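See structure below.
Residue numbering begins at 1 within each chain, and the chains themselves are lettered A, B, C and D in the order written.
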Amino acid sequence: MNMVNAINNALDIKLAEDPDIVVYGEDVGVEGGVFRVTEGLQVKYGADRVFDSPLAESAIVGTAIGMAAAGLRPVVEMQFCGFVYPAFNQIISHLSRMRNRSRGRIGMPVVVRIPYGGGINALEHHSESMEALYAQIPGLKVVIPSTPADAKGLLISAIESEDPILFMEPKRIYRAIKQEVSEEKFSIPIGKARVVTTGTDVTVVAYGAMVREVQKALPKLKEAGISVELIDLRTIYPMDKETLAQSIRKTGRIVFVAEEPTSFGVGSEIIAVANEEAFLYLQAPPKRVTAFDTIVPLPKGEHHYMISPEKIFYEIQKTVKF
Amino acid sequence: MLKEFDATKKKMFRIMDDDGRIISDKHMPVIDDSQLVKAYHDMLFARTADHMTVSYQRQGRIFTYPPNYGQEAIHGATAQVIRTDDWLVPAFREMGAWLAKGATLKDTFLYFMGYEVGNSWPNANHFLPITVPIASQLPHAAGIGYAIKYKKLDEVVFAFVGDGGTSEGDFHEALNFAAVWKVPVIFVVQNNQFAISLPFRMQTASDGIAIKSLAYGMPGIQVDGNDFLAMLRTLQEATEFCRAGNGPVLIEAVTYRKGAHTTSDDPTKYRSKEEEESWERKDPLRRLRNYLVGKDLLDEEDEKRLEDQYRSEIDRIFVEAESQPAYPLEDVFKYMYAEMPDDLRKQQVEHEKFLQWKESNS
Amino acid sequence: MLKEFDATKKKMFRIMDDDGRIISDKHMPVIDDSQLVKAYHDMLFARTADHMTVSYQRQGRIFTYPPNYGQEAIHGATAQVIRTDDWLVPAFREMGAWLAKGATLKDTFLYFMGYEVGNSWPNANHFLPITVPIASQLPHAAGIGYAIKYKKLDEVVFAFVGDGGTSEGDFHEALNFAAVWKVPVIFVVQNNQFAISLPFRMQTASDGIAIKSLAYGMPGIQVDGNDFLAMLRTLQEATEFCRAGNGPVLIEAVTYRKGAHTTSDDPTKYRSKEEEESWERKDPLRRLRNYLVGKDLLDEEDEKRLEDQYRSEIDRIFVEAESQPAYPLEDVFKYMYAEMPDDLRKQQVEHEKFLQWKESNS
Amino acid sequence: MNMVNAINNALDIKLAEDPDIVVYGEDVGVEGGVFRVTEGLQVKYGADRVFDSPLAESAIVGTAIGMAAAGLRPVVEMQFCGFVYPAFNQIISHLSRMRNRSRGRIGMPVVVRIPYGGGINALEHHSESMEALYAQIPGLKVVIPSTPADAKGLLISAIESEDPILFMEPKRIYRAIKQEVSEEKFSIPIGKARVVTTGTDVTVVAYGAMVREVQKALPKLKEAGISVELIDLRTIYPMDKETLAQSIRKTGRIVFVAEEPTSFGVGSEIIAVANEEAFLYLQAPPKRVTAFDTIVPLPKGEHHYMISPEKIFYEIQKTVKF
């Protein structure tokens, strides 16, 4: 399965299991979504459970909030990362707050799926990685898978969660990675990182499409005698600080790799965690290998912006030599 | 009636004149006399509570409060038609409707005293919390409508918003979704002529608000919101329309905010005494009282007595609310997530340590 | 004419029938024959360029592109009325209008090849860049309208959006502001029946889009967007209306997107061959050609020759665009702020160091 | 002058000077704003220059973008920090991007004024401090004054800037601080921090209303023998890293004080900066004295949430003792 199949499969399993689940958004019904993630689901579950909405993101999230208040469990799609912003008020003012505002009476079991990230030669607003925007909103959880299996297991957990979850899908690897993934139902807990490779010299933290880019750099790093502990964060908030702390205490060094702009990002929080949890163990300044604080360039300039395995190698090596 | 006063006709639906005399009894609402008197009493209660809340605020016993004064007929009529299983999606200025939905006055007080728990309305069924960002609650109403239709329930959603709120994008998106989905939502716009200081004609260039229904392909009606009978009839028909599966309805209830926007506001800054006086005569309670007195259903003596009784009842409730136990630290954290993340727990523990230190160092 | 075909009348304004025969010459636009032929040629040019751009995309020479095929009369008519000082606030599917505004085809190509510089339109006056988030450009149009009115200029804003875009909150807010402020903006909705795969009737339950003008108190008109003459006359009257200080106008141009949504889209997934064919006859170029041939203004030979000429001209421009120099690193940073913050400069320098290292290590 | 007077005065000076400036937003005209910040300006400059808009934040910012493109210099008001979100799409998709998108042809000299922060016993959505949301958006600048004089000088710079600026006003101290402020025009550069007090033991970084709270803690800190270098950040982005770095290299310790939620905030970035600029000098883990990752409680619970001088003292002292 690739990640598109895996997500489709997770939705399929949950739709079959729970009649309270509805799936909607722009073009997700008849067309099966612009990335074909929901393909076949409308035919299988009917147009009252899997359907197209009018073109209005605020109402997509806003109606999901109402549905959740009335006992449904909506899974909505934002067509691209750059089109979540019209829904921002609904997300920050309601989705994240309804439980607290109602003192726990009204939960928000809503999943907002967001294809995000660059590297696909897209138009403007189709390539951004603004996960830190959402991670900092109290009341939300932000989940990002890096493999088909994780996408399936994490999405199932997300749909079953009583809390609102922004499920950000690294569209660059939607079809780039194939994996054996069980057709059976399984879930992966939200809030737990995955140690991809263990190592002793440096902790490398990544998520989404960047996990693969780090993996591409691993052979050369090994060649250079650098033993890498690669951690796939999986959940941006709540962050698995325990796993991070243990690893940093072991390696004394941390490099964070992400597509997001550098400043005020997830990377800043990672550095804060490294300091708060492992200050006395740090042998080099924690390093952010992240994108420029600029707009993602259009395709012809995107190679300047995207993080390459070479750059990852270069920065890890510098940190290890510090 | 919805057809006869359809928005394109540009006629406002009224049953009573400004003095409570019947102009036309063609569309009288279905309500028996005792119920009518009860409705009047409920409105009187709400008005009394409203006035007293303003005084409590002046005494520094609650924080900011948005008075309902002058708009009670809309809430009183809603109270008559809304059922236990129907949904109320509030704006923030329809206390009479909240009370009808099962919300208690005590909770209302608690909320405006600054306790979230007041806004959780433990005694009210199908009542969303009050939410401050204007018009953003309307998409929720459309979503609830979808859930009702999906589950094939016999429920209707009553969603409130002010005239100012109709300028927000969420108003547009919510009405559009509700109409496309054909779900049972009654959008009640309380056109009280102002959004804080902004007069209605500077809010939109349209000919009233009911006409905006045409943009969504749903019925719209402009009704005299200070005319209890007209308001009730309109809501009765709208509810019927919704229950029959015909989709949403837009109601523009024309009224006037006789009080300040909130207790922090000073209306003399932006409107004239003359304007205020011109609306005085249209007061919804005055009009209904005249009507009831005319029908010999009301006795001024009774009313005085009742008002006194209300006052002491309300005050008792207020005092009870004032004895609410202190807001515990854990309540800041407890409701953020279904399962509290470790991080949050740690923040609470750290803060408790600080409080202990503070205690022992003072 | 705006009155005669006012949105409440629920009549679509047409001058030609589907075959280019005049139905009624009561509201013929003001245009002389040679200009009419020129307009046709411009539309032919735009269509040729559009088709060729799709082929370039298939050849992998540009990235995603949204074809204009079938909607050219709207753009051709806009080209006739828009002045150098008027403003064009584009959506993303009105290339003929861009070219009329002074945008070059080379820049268009550059943009869809993935260079921002193409979207900066150095040769176009008063033309905002294309922006992808649907409908979000409309408030800009209202703001420009305000600036025009404030500065007492004789300018009009032409703002484009699709039928799907009318569901967004920004559509609502922009039209409301423009009407309250009474500013000279013509909102042109290209109702091409689809928002990607979503058919119009699922986008809104309203009776077309022109009727939405009533929600804002502005004139609205539904016009056959594939009828060049009707489209032109509508725009002429709307422009006049705006220039006279009467405020904004909403135009619903009914058309059909004959091509795919973008080059990544496959319309067979969501619409039938029959539907596509039913619109074939209404093709805007076909209709205008028939009309011109009937008036002996067009010669098929000429047209063939012209098309060939266009093709080689367009290809020459495309090849020129393909020789655009590589995108320099500094261009990622240079335009972020008027004055570049140190931080950004440092990020650029750091990256250059990495590039040097890479160079020397490979 | 208090801060309200100072801002009013800055607007007055600029309106008088430059006919391209317009000031608008909800209730800013006739009423002079809910905080009376624009009081008297409509009468003085006319209703075409200072005016009320309909109730729609997206359009307020969106029309300002159009006005700026057409040569005006709008200064718009968001009524409260919690009501910026409907305008989020306009801010992130256009205000911050138009210059880059148009390759420098269309600048965005727009100021968005936002009264923010807690401590005034307000309704929900009236008390939040979400400056990190905006600071992380490439293309924006975020400015926060802490005194009346700074408010005036910084606002004048903001209005004169060719870049879009979110000008966040700590409403808690709108009227709480009075100061001699010159009636003349003066400006304070954006992007430069202010060293409020020099010291040697610890660098304390704050901005907005928290500067005053730190100042309240200073006497006790002095008593405890702790020498504090207090830095008022003034601009959140671009951050004055130079001033921070110099101070941290001197003191070896940094405590950041803000009303914002802790995670993924400005504080995280400050810690990142401390590590990147002064790693070898750090003698204790940089500390965030910030709010919980929760919704700001309603008035009766707000005392739990707001940062007190005692807490500031407590945390600084712990950091110094580390």
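The working rule: a residue touches a chain if its C-beta (ideal position, glycine included) is under 8 Å from a C-beta of that chain, and two chains touch if they have at least 3 such contacts.
All of these numbers come straight from a predicted model, not from anything done at the bench.
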item	value
Chain of greatest Cα-centre distance to subunit A	B
Cα-centroid distance, subunit B relative to subunit D, in whole angstrom	36
Whole-Å gap separating subunit A and subunit B, where each centre is the average of the chain's CA atoms	40
Subunit B and subunit C, separation of their C-alpha mean positions in angstrom	44
Shared-contact residues (touching 2 or more other chains) in subunit A	54, 56, 58-59, 82, 85-86, 89, 93, 100-101, 124-125, 138-139, 237, 239, 263, 292-295
Per-residue multi-chain contacts in subunit B, two or more chains	116, 131, 133, 136, 167-170, 173, 176, 180, 202-204, 331, 336, 343
Chain-level touch network, classified as line, ring, star, complete or other	complete
Partner subunit A, residues of subunit C touching it in the complex	63-64, 111, 113-116, 131-134, 136, 164-165, 167-170, 195-198, 202-204, 264-265, 269-270, 324, 326-327, 329, 331-333, 336, 343-344, 347-348, 351, 354, 357-358
Sites on subunit A touched by subunit C in the complex	26-27, 30-32, 34, 52, 54-59, 82-83, 85-86, 121-126, 262-263, 292-295, 297-302, 304-305, 310-311, 314-315
Contacting residues of subunit C [partner subunit B, same complex]	8, 167-173, 176, 179-180, 182, 202-207, 211-212, 214-218, 247
Residue numbers on subunit D that touch subunit C, as the complex places them	22, 48, 53-54, 56, 58-59, 61-72, 74, 86, 89-90, 93-94, 98-107, 138-139, 141, 161-163, 191, 237-239, 241-242
Of subunit C, residues touching subunit D in the complex	87, 89, 116-117, 119-122, 128-129, 131, 133, 136, 138-148, 150-151, 169-170, 173-174, 176-177, 180, 331, 334-339, 341-343
